[in-house]
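Here subunit A shows up in two complexes: once beside subunit B, once beside subunit C.
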Partner chain A sequence: MLWVDKYRPHTLDKVMVHMEEAQHLKNLIALGDCPHLLFYGPSGAGKKTLIMALLREMYGPGAEKVKVENKPWKVEAGTRKLEIDLTTVSSNYHVEFSPSDAGFQDRYVVQEIIKDMAKSRPLDVAGTKGFKVLVLNEVDKLSREAQHSLRRTMEKYSSACRLILCCNSASKVIEAIRSRCLNIRISAPTKEDIVSVMQHVAKKENLQLPMGLAGRIALQSNRNLRAALLSFEACYVQQYPFSENQAVQATDWEQYVTEIANDIVTEQSPKRLFQVRGKLYELLSNCIPPEIILKRLLVELMRKLDSELKREVCHWAAHYEHRMQLGQKAIFHLEAFVAKFMSIYKRFLIANFG
Partner chain B sequence: MRRSENSQRRRLLKEKKEERDSFDGAAECRTENMDRLKRKADARKPPKGRLKKLRIKGSGEGENSADDLDRKGQVEGESRIKVYDENFTRIFDHGRKRFEDKWRRGDAQLFDSRLWVDKHSPTSEKDLAVHSRKVAEVKQWIEEQLRDPSKAQSRMLVLTGPAGVGKTAVVRSLANSMDLEVLEWRTPTPILWHEYSHHAVTGAPYMSKIDDFEAFIRKARKFLPLPTAGVHAARQGPTLPGFKDGNPSKERAKLLIIDDLPNAHDKAHRQRLCESLHVLAIGSKFPTVLIITDEVGTGEQREERKILTNEIIQELERAGAKKIAFNPITVNGVLKVLKRVQLIEKCKAPFPCLSAIAESCSGDIRQALTSLQFLCLGYESKPSHSSVWDPGGCRVDKRSSNKSFQKLDTESDVSKTPALGDRDLTLSLFHALGKFLHNKRQSDAQVQASSFDGLKLKDEYCRNPLKMAEPETILSQAHAETSTVAAFLHENFLQFVDDEATDDVSAISGYLSDTDCLLCGEGSMRFRRAVLNFNDIEPYQVANAASSSVAARGLLFANAHPAPPRWQTLRAPSLWQVERQHWQKKVETHSQAFSHTTFVSSSVLHTEMYPYRHRLPIQSPGAAVPMEDHEISNVETPFVEEDEMEVDAISKETSSVKEHSYVVEPRSSEIDIEDEIEEW
Partner chain C sequence: MCSIVLRFGGAVETHRSSSGKLFVGCSCFTVHLLYVWQRGLRVADQVRRSPLYIPASGSWERLEAQSVFMMAGRQQSTQQWVEKYRPKQVKDVAYQDEVVKTLTNTLETGNLPHLLFYGPPGTGKTSTALALAHQLFGPALYKSRVLELNASDDRGINVVRTKIKDFAAIAVGNSHTAPDYPCPPFKIIILDEADSMTEDAQNALRRTMETYSKVTRFCFICNYVSRIIEPLASRCAKYRFKPLNEDIMTIRVRHVCQEEGIQLSPEALSTLSKVSGGDLRRAITVLQSAARLYGSSISGANIISVSGVVPDDVLDSFVAACKSGQFDKAQAVVSNIIAEGYPASQILNQLFDIVVSSPDITDEQKARILERIAETDKALIDGADEFLQLLDVASNTLGALCNLSQELTAF
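What follows is the complex of A and B.
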């Protein structure tokens, strides 16, 4: 089992980062009922860990007995009948799924599953909670229509189920939903937090983790706890006992982006752009999200830039990131950014060095 | 009683088409059949139950005998194959014939009144304007079929191509030269519903065209080779006298031509049509040629037709049918035919007119000939001829109003493009792309000569005028989806830009990015309403048009320093391949997208879990459920699943190393349709 999963805290008490939020959540559950919740924050901050711990707090260990189901949902949309395949993870008490998997049919999925859940409301003699919990991932990737229908369904079935929404960016969730939920922001753990978690894991695994290495792993992870732990484990596999100045390898796609950045800076020409396009395609076909590629590329390019160019380059990166959200074919926008950068950088080089 | 009804119906018919007194012959074989049938029914007074059977027979018989009537005046032995290209010409011919008989008796031999298209239709192989290789291909196929029918995988040949490129002509002339008997499916003349309701009393059932067609194919499969099956053979269309004489020894090899498929609008009908054709392709008893005319253009109905024909072609190819695609006839080919015809007809149209016709007909030889005939009327010196033409002409060619006649007459015979000959030009996608990518503009010298100075722009925004039609016109002629155009342009534009012009490249890719945004905006397909009324302009159409315009014009404008012209190849967008791989991979990895009782989003999975996982020793995301939480776990299916997934994950991991090594290898060119762009 990966350390990430092995040492994931299972109760709100054992949480090592965001202890304050955990305590608040615990108190909230103690009141007996809970509102709809919206967790948002960057990837690897611990949203899911908190959600699972919260579910366990509500329902006891039973909530962790999950089964994975992939079943087609039959949805009647007006006159048409749709069949949508969807994978859900569910226990007796909750159902979790990513509605954005259903693509443009996401809104039917949201309605249908919530309806379905509301039908089979748990009626326990023992007097447990009279509602089920629905965990929706990646709410920010839902289409607008789906979000609106989510809002309506939320109101209609609020007596039967509670929603826990989880997303990276709350700004992509419509106001109407945000105002109906208790918003909980999960910030990225600080470097110190990450180091302390790693030390905790090292102690459990009986490893000696030098502080320097821990620091560098934490730094490289960009305040992403999951990435840090994965990277830590990779370091362990690579070499143990650890040495203070052991190299922390970046993931291969990150290395690849660095390579692209180097390509761009060394030569600016249509021919080079063509090569870069090939590499971008390679990343895209390996399912690396274009936004992340762009962001990473920007970071890499920034390292090599004079400060007078940084503002302009950032501007264009933001411009094309926005375009990417509006459009469909990410490569057009990624490439437009690269071309723009080449153009700016070349002009700069000619102006300064002739 | 029936009689009176009959005559009443006739009266109705007459009122409708007063002028068409000649229509009582073969022109409307269906109504004719009905009459015939009723007469028969009156004569024999059969029980109602038999009517249906009779009718089915009747349609063939009626046609046949009507044909006989029609034929009597005509030269019977000239050709045994009847040249019936379309109902239209048939009707027309017949009407003309009557006219001639009435007014110009005796002159008939002198003046062959048929349309030139029919009169000069090729009778032998050497007359054909089609590329000889295609002809040879068809010929070879027929020969193979005749030589050893058992060997052939399928006895079906599919000919495709635009209208008027001589698909039917090739088959017919080959059949003629090889002395084959041609049988053909002819779509029954449509009857209107109220016409049918007149017949309803006779008990004649309504048959849809597809029913007819299916019945035809059933019979074609079962009965035709039997020489005694005179009834069925008769139904197939024009029969030989040999059949009627009961003289099967003279039987020739047969060739079945299906030139016109019945309409099939919804899915069920399409299915039926496909099935029946499939059955025919597998089990036809003699060589069958299916002729399908390509549809060009967009629009809902055309799309439907396209889907239908594609389905049919795929279905047939699966059944082993051979497909030969005909290209439009070259300008020179058309010109040759036109000259020949002109020579025979002794008309004096100037040469530039001929070449203008040849160029404007876009490879449609039928149209070219009609245009030529019309044009030649203008150059006719003998007044008697035009008077002959007129009575027929004003009936058939209503749209070519007298006005244009006079115009052609009065105007001096300077080379004048025939007004009616123009067809909408269509461009191939590659042609259009080539125009955009090569970015042909006038040279500086030319610009200075014309010295246009209206609005003065800054130098950086000035471009020389384009040496092509408006980009929008080209786009509309290319009939391509905007996203396709954008993808092709994106894939290929880099090699058409000068190696130093980084700014241009940046501008172009900026425009392409705009295109993508416009395509997915508010007015995009996603927002397309279910029911479309094509009279209204839908927002998505505007968005589509705008975005393709931005792509094309943006490219043309921003490519200020085109690469020196050289031979280039166009690649198919690798974007599509990448997208496919992306989805494949996403689906593949979807099963692993959860760890420790919750989901992992795909972006996390691919950016964090995967890259690390392949570095770690065998790990299993599926079994990530801590054991202490399952003290009371009765063995449930989920665990079995998880175990399976564990194994899965292991095998995946070993392979994931390979998947994740980003070796930049030359993209496989399996889908790369390399296509040349000529220098335009």
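What follows is the complex of A and C.
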């Protein structure tokens, strides 16, 4: 079992970062009821961990007995009848799914699942009917229509089911939904938090973790706890006992992007552009999301740039990323950015160094 | 008398047994019976496909489905304060004096034109419309005389052609009038959030409005009057609802605090009215969220953290970094903002306010910054990445504040 999963806190009392939020959540459900919740924050901040711990707090260990189900949902959409295959993770008390799996049919799926949940509500010990919880991941990827239809559904079925929404950027969730939920911002853990969590894991595993190495792992993780723990484990596999100045392995795609950045800066020519295209394709075919590639590439290029050029390059990165979202094929826009960068950089070199 | 409120539909069968007991059974999967015994005992129960025994003796009183929540004992915690403190009568609506005056007049005479309410969110448009309808017809006739549709109900052109038209066409009898209420001889169709109706759907309404004007009045509610097509707007009496000023807001919020037993410091109160910007609904929702999360004594910082507003010092550091002219500093601030999870759209909103009101930024600089903010806002709506867009705004703000050249290299 990976350390990330092994040491995931299961109760609200045991979380090591966001202790304040955990305490608030505990107070919130102490009355036995909770409003709809919207968790937002960057990835690896602990949103999912908090949600699972919250469910456990509400329903006890039963909430952790999950089964993965793949079943077809029959949906009546106006005059048509659709059948949508969908994978859900569910326990007796909650259902979890990512609407993006449902593609453009997401609005029907969300409603159908909520209706289905409303039919089978759990009874608690006292015999009062409780509510189920629907955990929706990546609400920011939910289509506009689905979000709009969700707002009515949220009100209509509020007695039978509570929604816990989880997303990276709250800007992409419409105001109407945000205002119906209790918004909880989960910030990325600070470097110190990450170091202390790693020390905690090291203690449990009986390892000696030098502070210097811990600090560098935390720095490289970009405040992403999951990434930090994964690379910590990778370091352990690579070399133990740890040495103070042991190299921290970046993930291979990151190294690859660094390589691309180097290629671009050393030579600006159509030939090089062609080579870079091949490499970008390689990354894309390994399922690295294009916007992540572009972001990483920009950060890498920025390191090598003169401050004069930074503003301009950053503008074009934002420009092409925007176009990428509007367009269909990511490779065009990635390549356009690379070409633009080459042109700017070459012009700069000629102007300054002849 | 016994009445049953069904939550999820399904047929209900009742029969009286020879011993005088009343049995209730139902065919649907889950049914809730919500009832109040006249002695004051409140019971909520659930039937799962099995008949439930209810004593035939004793009397029952019907409750509105809306006002009863699933858990009888936990009613208080679940009810939205926004609903709880919604004005019940037209005259209770805060701050909209002209509107209230005209409508009270209407209530007396029972003569009503088609209405068009417009104004920013949280100013009492829906509340006024609902209160008006309730006061005109009373609880008994409300269901049969008022049709309420909002944007989340399906409101395509088909609905206009069938549902709305059918409802509008029903004749109104004079026989069933409630005492105590004016009960004018027409029905009301309330179309909430009418600006999100398609133009076709609005066009389809034109003729309906005129044909059935004898028996039906329409009430459109919208934020932007410009999105209502002219032919519809010209058929209505228009009422503008203005954003609430701080005093009125304070009074209302204080009232809610008093009723709910919440300690709100003056500092928190002013933060609350600043955060909500004249939107009373938002203010009350924020207040309720804060009360749920932090208990009964609430500080200004609590309000900020619940409302999703970005604290001022974050923006100050953003502006300071841009003023310093060092790109790396600005980049660090932006990465920090994203890591903290603040929504970029909110940052843009607040940055806009800061830039516009800042005295030491020249007009030209302001123009440059605001233009980019506008473009970025559009990009964000298109789904662009927050980090890159915010970095772009930062770099542009930096350029503007330090008077760096704006020119970009062309191909």
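Just so we're on the same page, the second predicted complex is superposed on the first by the 348 of 354 C-alpha atoms of A that agree within 3 Å, B and C clash if a C-alpha of one lies under 4 Å from a C-alpha of the other, contacts with A are read in each partner's own complex, and residues count from 1 in each chain.
Everything below uses one rule, namely that a contact is a pair of C-beta atoms (placed from the backbone, for glycine too) under 8 Å apart; a residue touches a chain by one contact, two chains touch by 3 or more.
A quick note: this is a predicted structure, and the numbers were derived from the prediction, not measured.
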Once the structures are superposed on A, label A:206 by its partner contacts, choosing first (subunit B), second (subunit C), both or neither. neither
Where does A:266 make contact in the superposed view: on subunit B (first), on subunit C (second), on both, or on neither? neither
Once the shared chain is lined up, is A:326 touching subunit B (first), subunit C (second), both, or neither of them? both
Touching A:278 in the superposition: subunit B (first), subunit C (second), both, neither? first
First, second, both or neither for A:287, with subunit B first and subunit C second: first
Identify which of subunit B and subunit C touches the larger number of residues of subunit A. B
Between subunit B (first) and subunit C (second), which, if any, makes contact with A:314: first, second, both or neither? second
Touch test for A:138: subunit B only (first), subunit C only (second), both, or neither? first
Just to be sure I read the superposition right, which of the two partners does A:188 touch: subunit B = first, subunit C = second, or both, or neither? second
Quick check on the superposed pair: does A:223 touch subunit B, subunit C, both, or neither? Answer first, second, both or neither. second
Residues on subunit A lying within both footprints (that of subunit B and that of subunit C): 326, 340, 343, 347
Counting only contacts in the complex, subunit A reaches subunit C at residues 24, 27-28, 31-33, 35, 40-42, 45, 118-119, 121, 128-129, 131, 148-149, 151-153, 159-160, 169-172, 178-179, 182-183, 185-188, 222-223, 291, 294-295, 298, 302, 307, 310-312, 314-315, 317-319, 321-322, 325-326, 340, 343-344, 347
List of subunit B residues in touch with subunit A within their complex: 483, 486-487, 490, 494-495, 497-503, 505-506, 508-510, 512-513, 515-517, 519-521, 526, 574-575, 577-578, 581-582, 585-586, 589-591, 593-599, 601-609, 611-613, 615-617, 619-621, 623-626, 629-630, 633, 636-638, 641-642, 659-662, 664, 667
In the complex with subunit A, residue positions of subunit C that touch it: 7-8, 29-30, 32, 44, 46, 69-71, 74, 77-78, 150-153, 281-282, 285, 289, 292-295, 305-308, 326-328, 331, 335, 338-346, 376, 379-380, 382-389, 391-392, 395-396, 398-399, 404, 408-409, 411
Subunit A to subunit B touching residues, read off their complex: 1-2, 4-6, 8, 10, 43-44, 48, 51-52, 61, 64-68, 70, 87, 89, 96-98, 101, 104, 135, 137-138, 224, 226-227, 230-231, 233-234, 237-238, 249, 251-254, 256, 268-271, 273-274, 277-279, 281-289, 292, 320, 323, 326-329, 331-333, 335-336, 338-340, 342-343, 346-347
